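Below, each structure is written out as structure tokens.
Both complexes below contain subunit A, partnered by subunit B and then by subunit C.
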Partner chain A sequence: MSTIKITFDDKMYETEPGLTVIQAADRLGVFIPRFCYLEKLSPLGGCRMCLVTLKGVPKLQTACTTPAKDGMEIITRSEEIHKARKAMLEFQLAQHPLDCFYCDKATECDLQDLTYLFADIEHRYDFPPHKRGTVYENRLIERNLERCVHCERCIRVCGEIQGAHAVNATKRGRVTEMREVPGGGECQYCGHCIDVCPVGANLDRLFTYGGRPFQMEMGDSICPYCGCGCTVSLNMRDEKLVRVRPGVDTGVNKGSLCARGRFGWGFVHDPARLTRPLIRKEGKFVEAGWDETLLYVATRLEKIIKEKGPGVVGGIGSVRSTDEANYLFQRFLRTVIGSNHIDSSARLNYAAALAGWLGTKEDAREATFENVREAHRVLVIGADPLETNPILGLAIKAMQNRGGTLWITDPRVTLTTRLSNRHFPISAGAEVPLILALARAGLKDPSLSEFRDTDLAARTGLSSEDLAELAAFLEEDAAKTVILAGRGVTQAPFGATAISLLLRLAATKGASYLFTLDKNNERGSCEMGVLPDRLPGLAPLSEKARFEKAWGGRIPETPGYSAYEMLQAAREGKLSALYIMGENPLVDFPDTKFVEEALGSLDFLVVQDLFRTRTASMADVVLPAASFAEKSGSFTNLEGRVQRFPSLIPTEEGVRADARILVELSRKMGKGFALKNIASLRAEIDSLVPMNGTRRKLEVMGPPLSLPGAEMHWGPGEDPDYPYVLLLTSSLYRNGSMSNRAVGLKKAQQKACVLLNEGDAAVLKTGEGDKVMLISKYGEIQVGVKLCHEIPGGTLQMPEGFSDANPKSLLPHELDQVSRTPMARFVRVKIRKI
Partner chain B sequence: MQGTMTAKFSEEMLKRIEEILKRYATKRAAVLPVLYLAQKEFGCINDTALAAVSRALKISRADVYGLATFYSMFHEEPLGRNVIFLCDNLACTLLGAESLRDHLEKKLDIRMGETTADGRFTLKNAECLGACGQAPVMLVNDDFYEGLTEARIDEVLEKYK
Partner chain C sequence: MSNAFKKFIRAVTLVDLFKGLALTGSVWVRSIITPRQVLVTRPYPEVKRPAFPNFKGHHGFLLNEDGSLKCVGCGICAGVCPAKAIRVYTEEGKDHEKVVVGYEIDAFRCIYCGFCQEACPKDAIVLTRLYELADYDNRACYRWKMDRLVEVGKKRPLFRDEVNL
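Now for the complex of A and B:
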């Protein structure tokens, strides 16, 4: 690459071409002060602090908007420049309240630092500062209008990176205010405006007066929420979490966070956290010591195994816990108990995608966040990354900002469909016929010949022209095309088969793919062998000898039950004991009534969790577990990246990390794991599942997947008794147990509403804010109505993660015959006005 | 926000917006003329108007709001049936705009920026109306009046009911 030569203050430098003067200066270590310039944002040239002299140019120029050219001679320090910059600071300070004593930004404030640097600033203006006060319209972000230096970083970050356009300069002029629209409603609570603010104008309301930097400990960790695996910097004061910020431009998130990552940490110090083990005695929970409790669990489990054999014991591992804890969990179930009945809530999504991946011979390229940012085309099928994986959503926005195109097929109206360049509103549940149609167009596979294009088109609800355009979308520029698939596919009948077809399409055309994963360690729990038919590294049970040797125990030969098969077996009396680590099936699994009956049929239920969840309330023993901040280990993100994180907060007395609980329980059962510490555990995992850089080496195959019959029907069908189709959506503000306990996310959105078309509302004589009952064949819930003009008539939409509304209780639990994943994207309902 | 998902323009206004959009390369570029229509239809730029413009042009309400608050002829509160803009810049002030303001305030029994109880007039000050040669000047709705005196004002206001 060619370089250019430029001179800063009589010193010659070489640098890359295509930079602005301030970018070149930053790279070369030449100091230029600034308020408005920020590398990740478009230049504004507003604050005039970066003024420099260009030799041969009569007036001072802003370094942030001037392109650096070969041979340019730049002066950054001179009497004239100093005077000009000082004058700008004088203006800023004339309007500034100078309330640093109680400003949360103090000591991290650019205005303080620059004023300190210039020191001898005059105060010649005696006009009174304009009193604008502080606005608290946003429930999580305080906007102090008087401290603002009008750099517009918040406006640009909100528009350019977050794409929310929720903040704008209002009443432009001497009294400009950076405000949201009255009443708000557009902020996505990413809090990026807080990080980029050079002064204390945008502040974190959860943190207010939380401490000065020198009173806090800070450490990087991995966000516990979704599959993105963002790097978060935890700020602790007196061993309590007070604030979460993104790592400084590190990690997959590169300095961004979503509402969950930044404001969702409240669960860690929730007063409802369990701090003592509980044993149910005569129907009531009684607090007990750890030794007593673990001995009790061991005795009960041993008795059940002795009476009925190990095949009546099952375990549900955790998509929220670490790779290490999940590894130990399946090792415990397999060698200490002797059962392959192991699964997790990854069954609801990633396990199906995995079955598709295992059943595909062709080697499709898996995308990274970087690939998405740099892609030219992204096709999203059955996913809503802006809600489920917001930082992946930002990568898509960055792709669009670079001129890329986002197409999406989704029956719902979501943040992602609104962002898309083109939205194909397919029929409910039509993801699989859509993929069949794309595969027929792109693969030339004779086994697909029994399908007719016209039938498939009719089932997708799209015209054959639309389908042809979608197929053509994948033909061009494939090396820069990423296909994103999510639960719309994995939770459909033959979803695994459809995933396999998509991967074959990607491999054939040269495109790459990525799965959206709602939970932070779906992938890690599967890769650690929390599956009924796969060992760590996804090794098939036929390879069990090498694991038996390493573990010193026997592993059963036949695959165990998957999650819903365990529940079914419990109802039929074929499963007597269940050990649930960090899952809450009563809230997170579809068909609540079915799950409740299954758990109620068990002889012995152990739940290991942070809280006394609804599931834990049904247990015989509850074991208080540590949160992500209180334990070390690794999480595997949706790209397959294994990311380690340290323990940053000491666990409270009585709380133990998942891995430690399992090791101690194994000892109580007389087959103790010979593990001294987390390092020896990691060494054992690495010896069985080798790493390939930051990812695991997974050279495994599964059985090929069968195709559905040509007569197969998808979607909700017709039922005059239940005239509406309820489509479940994902919500940024609630995606499971932790988010439902996070005070910050409750402030962002208090309640779930059902979205209803205006025409349907008129027929039902119901309006915005009214309460209605939604009734399906499987359950009923009460919920408030919100009108939405974008939703087609006869269709309802509702976010599924709000535990008080619990729309999952409306769902059936019909399982796909290949992946054993429940079909949980939609259900027919009727509406009754209350 | 309550109601923001359903706020919209009337069919007739939507047709006029279609016409306006033909003149611009992007929807965002049409925001000023569409804001004028919104002010006509909703009486002022209130939450509903912001939501309707945002929906018609597919830009955020905050972006519309930022713009609407910059231009002094977009109003957040409903105005009277007739709006008087009295210029208070240099030339007009030198030629007696201050006493004309007092006269108007007294005659209408309102202060600058207020609306009469019967809703007939809103009185607003204007920055320069661009007719300093004919100062003092005022604008009533879309009609321009120059070389004003108290008597002339009394006469003019009679035309507006």
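Now for the complex of A and C:
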């Protein structure tokens, strides 16, 4: 690589070409003060703090807007520069309220730091104080207009990085106000403006007057919400979480966070957290000690195993818990209990993708966040990364900012479709025929010859030209193309087959792929063997001898039941006991009535959770578990990156980490695991799964997947009784039961609402804010209406995850033949006005 | 006369005892006739020794004229405290103002350096000359709460008056 020579203050440096002077200075460790410049934003040159002298140029120049050239001689320190910078600072201070005593930014404030640096600032200006006050329009971000130094970082970060365009400048001159104005974009509560603000003009309202940095302890952890696995810096005061910020350009998120990551920590100290184990005695929960409870669980389980054999005990592992806890969970069920009935709610998404991946001989390249950022083209099929995985969404936006193209095929109207360069509105549930059509065009596979292009085009609801364009999109520049697939594909019939075709397509063309994952450890739980037919490291059951030797127990030979098969077996009386670790099937699984009946017909149900969720309320024993901040371990993110994190907050009395509960329970059952701590557990995993996180494809291959018949029916079909099609979407502000107990996220959006076309609303005589009843064949819910002109008539959209109205209770639970994943993207409903 | 015999006579006649009693008696008489403050050994609980002008004792909280706290909860005292003895808790008030809801000093940690007083931008905290810090319950010393500090702050002039050196 060629370098350029550049001189700072008579000292010659070598650096890479294509930088501005301030970038070169930052890389070389030369200090230049600044307010408005930030590496990830476009340069503005507004604050005039970075003024430097270039030899041969008569006037001072801004370092942030001047490109560094070979042989450039720059002076960063001189009397003239000091005077100029000091004058700029004097202007800033002349109108600054100097209320550092009250300001939460004090000691983290750039203006404060620079004022100390230029200690001899005079105060010659006597402006009349203009009381612009503080704006509390935003429920989570306070905008203090008086403290603003007009650097416009918030405006640029909101537009360039987040793409929300919510913060805008109004008025002119020294009374310019950076705030949300009517007509601007909607705030997505990402809180970027809080982080980038050099002064205390944008502040976190959850943290208002919460303390000073020297009163807090800070530690890095991994965000417990979505599959991105962002590095978060937890700030604790008196062993309580008070604020969450992104690390400084660390982790996959590179200094960004979404609403859930930043404002979703409230559940950790929620008063509703369980702190004592509960045992159901005569229909009522009674608090009990740990020893007593674990002994009770062990005796009940032993009794059931003795009477009916180990095959009547099942376990649902957690997509929320750590890799280590999931590993122990499957080891507990396989060796201590002796049952292969192990699954988790990854069955709803990642398990199907995994089935597709395991059934594909071709090895497609898996993308990383960096690949997405640097890609030229991204094709999204059946996913909404901006809402399910907001930081992956930011990577896509960065890709677009670099000139890349985003195409999306989705029946819904989502943040991602709004951002896309081109949106193909396919019909509901048409992701699989679309992939079949793309595979037919791209693969030239004779087994696909039975499908007719016109048929597939009709089913997708796109024209043949659109399909041809989509196929051509994957042909060009494949090395820089990323295919993103999500629940639209995995939760469709033959979704695993479609994933397999997509991977073959990516492998043939040379494109890379990525799955969007809603939950933080979906991938980790599957890779740790929380699957009915796979051992840790995705090893097939035929390799069990190796694990038996290490674990010192026998592993059953036949694959167990998947999640829905377990529930079905429970209804039929073939499953008597279920151990649920950190899952809430009653809310997260489709067809609530079915799940409720299944859980109700169990003899013994153990639930290990943070809260008394709806599932926990049905349990015989509830074990209080530790949250992400209170335990250590690792999460595997959607790229397969295994990220370890420490425990930062001491657990409350009576709360125990998942792994510890399992180890102690195994001891009570007489087959105790010889594990001392997380480190010894990690060492055991590393010895058995040598390449945790990266997958050894050919060693773990599954059988090839069958294709659907040419006459296969997709989509919601027709039903005059239920005239509307309800499409399920994701929300930025909800993701499971933790988010429903986070104060910040509740402030961002209190209640779920169903999006309704304006024409349909006129027919139904409902308006914005009215309550309606959505009724499907399987259930009914009450929800508020929000009008939306973008969605087509006859379609409704509703986000999952809100505790007040759960659309999953409206869904059926038809299972896919291959992956046993329920189809949960749409359902036919009728609307009744209340 | 042998030494043993001398010893015996002294023991029988109690000469040493009366010598000692004479000394005690003379000191006692002198202590009655001399003023208490001039005595070398001070009769402490009855007579309190005034502190030196720069003595740094119990912290006190000062109030504004309208009776409100001078402290605004900036936390500089907690930041400057070398012993990490101070905790300040602030909250958002009704009109988004900063309200000091808790102020605690750990008397076991405090080294009475007076940095908090020096750093305070509002002159809200002072180290008074009150040196009677003992308490019947050590938990009270572990955390001097705000009301105690305000109480001491109110009595501050009192401690000053005792200085008459």
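What we mean here is this: the second predicted complex is superposed on the first by the 822 of 834 C-alpha atoms of A that agree within 3 Å, B and C clash if a C-alpha of one lies under 4 Å from a C-alpha of the other, contacts with A are read in each partner's own complex, and residues count from 1 in each chain.
By our rule, a contact is a pair of C-beta atoms (placed from the backbone, for glycine too) under 8 Å apart; a residue touches a chain by one contact, two chains touch by 3 or more.
Note that the coordinates shown come from a computational prediction; the quantities given were computed from them, not determined experimentally.
Asks: After lining up the shared chain so the two structures overlap, which partner does A:Q215 touch, if you call subunit B first and subunit C second: first, second, both or neither?
Replies: second
Asks: Touch test for A:G185: subunit B only (first), subunit C only (second), both, or neither?
Replies: After superposing on A, A:G185 lies in contact with subunit B but is clear of subunit C.
Asks: Quick one: is A:S647 in contact with subunit B, with subunit C, with both, or with neither? Answer first, second, both or neither.
Replies: Neither partner.
Asks: Once the structures are superposed on A, label A:Q400 by its partner contacts, choosing first (subunit B), second (subunit C), both or neither.
Replies: Neither: A:Q400 stays clear of subunit B and subunit C.
Asks: After superposition on the shared chain, which partner residues are touched by A:Q568: those of subunit B (first), subunit C (second), both, or neither?
Replies: In the superposed model, A:Q568 contacts neither subunit B nor subunit C.
Asks: If you count the residues of subunit A that each partner touches, which comes out higher, subunit B or subunit C?
Replies: Of subunit B and subunit C, B contacts more residues of subunit A.
Asks: Touching residues of subunit A toward subunit C in the complex: what are they?
Replies: Going by the criterion above, the answer is residues 100-102, 106-107, 134, 136, 142, 208-212, 214-215, 238.
Asks: Using the touch definition up top, name the residues of subunit B that touch subunit A in the complex.
Replies: 1-6, 8, 47, 50, 55, 59-66, 69-70
Asks: Mind pulling up the subunit A residues that touch subunit B in the complex?
Replies: My answer: residues 159, 164-173, 179-186, 758, 768-769, 786-790.
Asks: Quick check on the complex: what are the subunit C residues that touch subunit A?
Replies: Counting only subunit C, the residues touching subunit A are 72-76, 78-79, 87-92, 96-99, 121-122.
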